[in-house]
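Dropping the structures in below, format is structure tokens.
Here come two complexes built around chain A, the first alongside chain B, the second alongside chain C.
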Partner chain A sequence: MTASDDEIFSALCELLTPFNSNNVELKLETEISTDLNIDSVSVMDFVMEVEDHFDIDIPLNVLSDTHTMKDLVSVVVERTS
Partner chain B sequence: MRSEIMPGGVSGLGSSDGTLQYTPRTNPGLRQVLGEFSTLTDGLDYAARGITGFNFYSPRGVLAHVLPYWELREFALSTGRRLINSGLKRGSRVAVVAETGPEFMAVFFGCQYAGLVPCPMPYTMHIGGREAYVERIAGMLRSAHASAAVTCGDLEDHVNAAAAAAGVDLVLTHEQLQALPEGDVELEPFRADEQAYIQYSSGSTSHPKGVLITQRAITANTRSILQHGLKIRPIDRAFSWLPLYHDMGLVGFCLSPMMGQVTVDYLSTPSFARRPALWLKLMSDNRCTVAYSPSFGYDLAARRVNAAADDLDLSQWRIAGIGGDMVRPDVLNLFSRNLAETGFDSRAFLPSYGMAESTLAITFADLEEPFRVDVVDRAQYKLSRRAVPANDVKKLDPEKVRSFVVCGRPLPGHDVQICDGAGNLLGDREIGHVRVKGPSLMAGYFENPAATDDVMLDCGFMDTGDMGYWLDGQIVITGRAKDLILHNGRNIWPQDIEWAVEQVAPLRSGDAAAFAVESADGQDAVVVLVQCRLKDELELESLRRQVSSVVHRTSGIECEVVLVPPKSLPFTSSGKLSRAGAKSRFLSGDIAEIAARKPAVAPVGPLELAAAS
Partner chain C sequence: MTDLFEKHRHIAERHEKMLAAGANAVGLTNDRILSPTRAIIKGRETILAGTNNYMGITFDPDCVAAGQEAIAEFGTGTTGSRIANGTYAMHQELERELAGFLGRKHCIVFTTGYQANLGMLAGLAGPKDTIFLDADSHSSIYDGCTLSGAKLVRFRHNDAADLDKRLSRHDPEGGGRLVVLEGIYSMLGDRAPLDEFVDVKKTHGFQLLLDEAHSFGVLGTNGRGLADEAGLEEHCDFIVGTFSKSVGAIGGFGAGDHPLFETLRYATRPYMFTASPSPASIATSMAAVRKLRVQPERRDRLRGNSERLFEGFRKLGLETGCDVVSPVIAVKCPDEPSTIAMWNALLDAGVYVNIALPPGTPGKLCLLRCSVSAAHTFEDIDRIVELFGEVVASGHGLMAVGA
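Up next is the complex of A and B:
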């Protein structure tokens, strides 16, 4: 992981904090929809926060292939570069 | 920000400074005709004589595409020629991913001009949801015997995978379709006695049932909606974030407005899900007068609007329709409270009832009246199948009453009956099966005579599968019949159990499924599947106890609480919980308890129950 990936991961963790009500420890391999106690509406809310923070759009097809935090970091890297 | 990507060389309306201008609400010099047409193409030919039409907003609420009806007609004609020129035979089915945008509209209406049957398909909206989506689309393609599938470029891989699984050879992206030559094609639009489209709103994800709608049904239903249900006027402007693959989005907010030359402003469903308050902001900016949503949409918007409400003006909103799920009075009250500052008038709420099998609408409440809530005695409702008004003492205790929203009168030309199990007509406040008859009924489930025969009765009525009662000539829907749980001779509506369970923290709407399984002694044993993301055993057991206790409190029955992983519960393609699907997956062991240990209150396990049934 490059420094930039690290930064993105920490930023994502911070954005997730308000949604992570059970304080699940966030790792790269954490499954966003199943490991965290987040309902589907809150997931969309979180996705909006990510989009606004990084000023990117995450299309639905990309979202459907995003499972883990690591996947999400890659999506952000790809779409900000 | 001019529209650039409209294939087919069509551009949006531009003003002199290059910015997009949305279509106006009224056609100067063109008389508004409310659905007096015999086919969809007749309706579009007429609407194309004016300058009203569709406007599409970006996820951040910026106007992205403008498609007046005259431009839609040209776009549809060229698209229809391209479809026929690609080798499709008249009458064959064209599946199309129903993203909210000009391209979907061109394919849907292009099929109407070309005599092809469009089948709107959903798109994926879930994080990590690819596999489930591909499976669902494959099921629909098979059921429709589709000859072609058309998709946006983003979902090309997904749709290709589904098409391969379903044996559909021709997959086109919108870009590929629009790059095909139009050729020398003579279009033969659907005639008034032919089919119109197939709607996938029914059946489970694995066995979807395609509702075949005829030109006669769609023109009858849109005419009734425009003239009687909504009483549309030239000053109306509609707004919709509803998905176009669902009957309320497609019929209510695409086909009906077009058949009445009404302008519609669209926000896509995923955009709404991300920013629910945009719905209200755009309605305020554009002074829209008509919008519809299921209860949950009002709930979401009311909770997320926050301080933004101060800047909104919703005083012009005259029809805030509710449909698509059980209308919930508490949600409507919350919305009215949170939006009080905006001038929103709660008399705008318009409860209604309908289903894809009857094109869309069956009943509408009175436009001029505030919505009416009938509060009935819960004990009597369960024991006697009668909806008896609760007395003032019981009304103080929410556990002793049930509140139902009154959904109005049948549309003219449509007949609704409420009957007991033997087919005898029931009177006021007697709960029975709801049947409907009239010109809006579907032709049947596409190439599925068994499923069609199950609902189409010899007397010409269709069994809606819903239970309800009459109240002063208006209908009240109490729930689905087929999911009814019979427990010790009592009728228990699974919705009652699920609603109660979903109030337990941290559960949400859609996290519970209740159904009956036959136990060893031939009695109905009630199983409640509860989706949760908890892992800790103590927390799991605590949740199990709470659920069991709330079920006991609200329904007075012992149940088996099975805690299952998130996303275990199956939903129909229209987003309704499939209790039958949940039950069969539970009995087959596909859905199983998270915790390794046996549930504390389980009288018998799923295997024993399966063996007994």
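Up next is the complex of A and C:
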């Protein structure tokens, strides 16, 4: 991971905190929906926070291929570059 | 081998918990329907306060007779899609009637309200286009967006500034842009601030679809919905509606003025590859739409009943889904177990309301959702309020949120 990736991961962890009610430890390989046991609407609400934090669009279609924190870091990197 | 049902095990477990607490709140059996506001449930007469039967028109003698005559004359079903053998003169007559009612050049009837959203969204938007949808949109809108293959951007509920921001940073890359709003949102009963969205439309340029499922027949001087009430119909490019609420039947429609609107009939799969609405559905819908046109007093009664229920709940200290009165009045509850307990207590006391739980609700809310009918009497409304008060006081609901 580059420094930038680290920063993005940290920011994502922070944004995810309100949705992580079971306080699951967040790693790059964490599956956002299944490991955190959050429903589809909450995932979309979380992604909306990510969009606003980085001032990017993440169309919902992209989410079907985005499962882990690492996937999401890649999406943010791609869309902020 | 992976059992295909394994992914649904948590749903089954959640449902079992609900059943352990009482009746099946997400599949309750109506043994008999006595009227738009009464049913026999669990062997006793129950007030219906969660049916979306806004105009109370389901037992109107003229509508019932129209359905009976249509079955006798045209049969029980059409046995085919609109693009094969399933287009009858009555389908086209209803489309003309609705277009006239809405003041639109074109109207297409769909077999259900769900399919109306699927058909309109999948017909209008394609993979090169982008749909901007309100975060609280109905599932049929989400599903229609998915079927369209368009890029989907979700904006914060009823937040025109948020839509403006998302449009500003979006590159359409040559594709079209469609914004989807609802007249009345089904869970909380709040309206879209249409004037604010129209301002955004003037800035950015997009086509606007307004789903009037819960507002058609209900809002506006002419009963055409939120766009009618707000005086902004000319800014709404496409209107979607359903027959399963104020029209008291089953089916749906899409309407608009675009010169190529009729081509949707040959471009959208939810219209092309399903049986057309049955003769009885079309005939009862036609009779009901004609009633809505000439009986504005139904809307007046609905408004009076809605205000009475809203005020009644407020006096009890209950927190409702929104601050504006509409026929959808949702009571916020503390959590899932207490919501289920309150729902059962209300049913046992003689009133049926909808239970609405996450993820089917915005913001993880647990709701007891009431929908008001023009057919309710003031006595019915007062009884509903009284029973809510008794249930809250008895501790079933643990507490009235916001009290």
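What we mean here is this: the second predicted complex is superposed on the first by the 81 of 81 C-alpha atoms of A that agree within 3 Å, B and C clash if a C-alpha of one lies under 4 Å from a C-alpha of the other, contacts with A are read in each partner's own complex, and residues count from 1 in each chain.
By our rule, contacts are C-beta pairs under 8 Å (C-beta built on N, C-alpha and C of every residue); 3 or more make two chains touch, one makes a residue touch a chain.
Treat the numbers as computed from the prediction; the structure is a model and nothing was measured.
Of the two partner chains, chain B and chain C are each touched by A:M44.
By the document's definition of touching, of the two partners only chain C reaches A:D55; chain B does not. Using the contact criterion defined above for the overlaid structures, shared-chain residue A:K70 touches neither chain B nor chain C, since it reaches no partner.
In the superposition on chain A, A:L36 contacts chain B only, with no contact to chain C.
After overlaying the two complexes on the shared chain, residue contacts for A:N22 are found with chain B alone; chain C is out of touch. With both complexes superposed, B is the one of chain B and chain C in contact with more chain A residues. Of the two partner chains, neither chain B nor chain C is touched by A:R79. In the superposition on chain A, the residues of chain A contacting both chain B and chain C are 39-41, 44-45, 48, 51, 57, 59-61. Across the complex, chain B meets chain A through its residues 59, 123-130, 133, 154-155, 157-158, 270, 273-275, 300, 506, 508, 511, 533-534, 565-567. Those residues of chain A lying in contact with chain C across their complex are 39-42, 44-45, 48, 51, 55-57, 59-61. Against chain B, the residues of chain A that register as touching in their complex are 21-22, 31-41, 43-45, 47-48, 51, 57, 59-67. Residues of chain C touching chain A in their complex: 130, 135, 145, 151-154, 156, 166, 169-170, 358-359, 362, 364.
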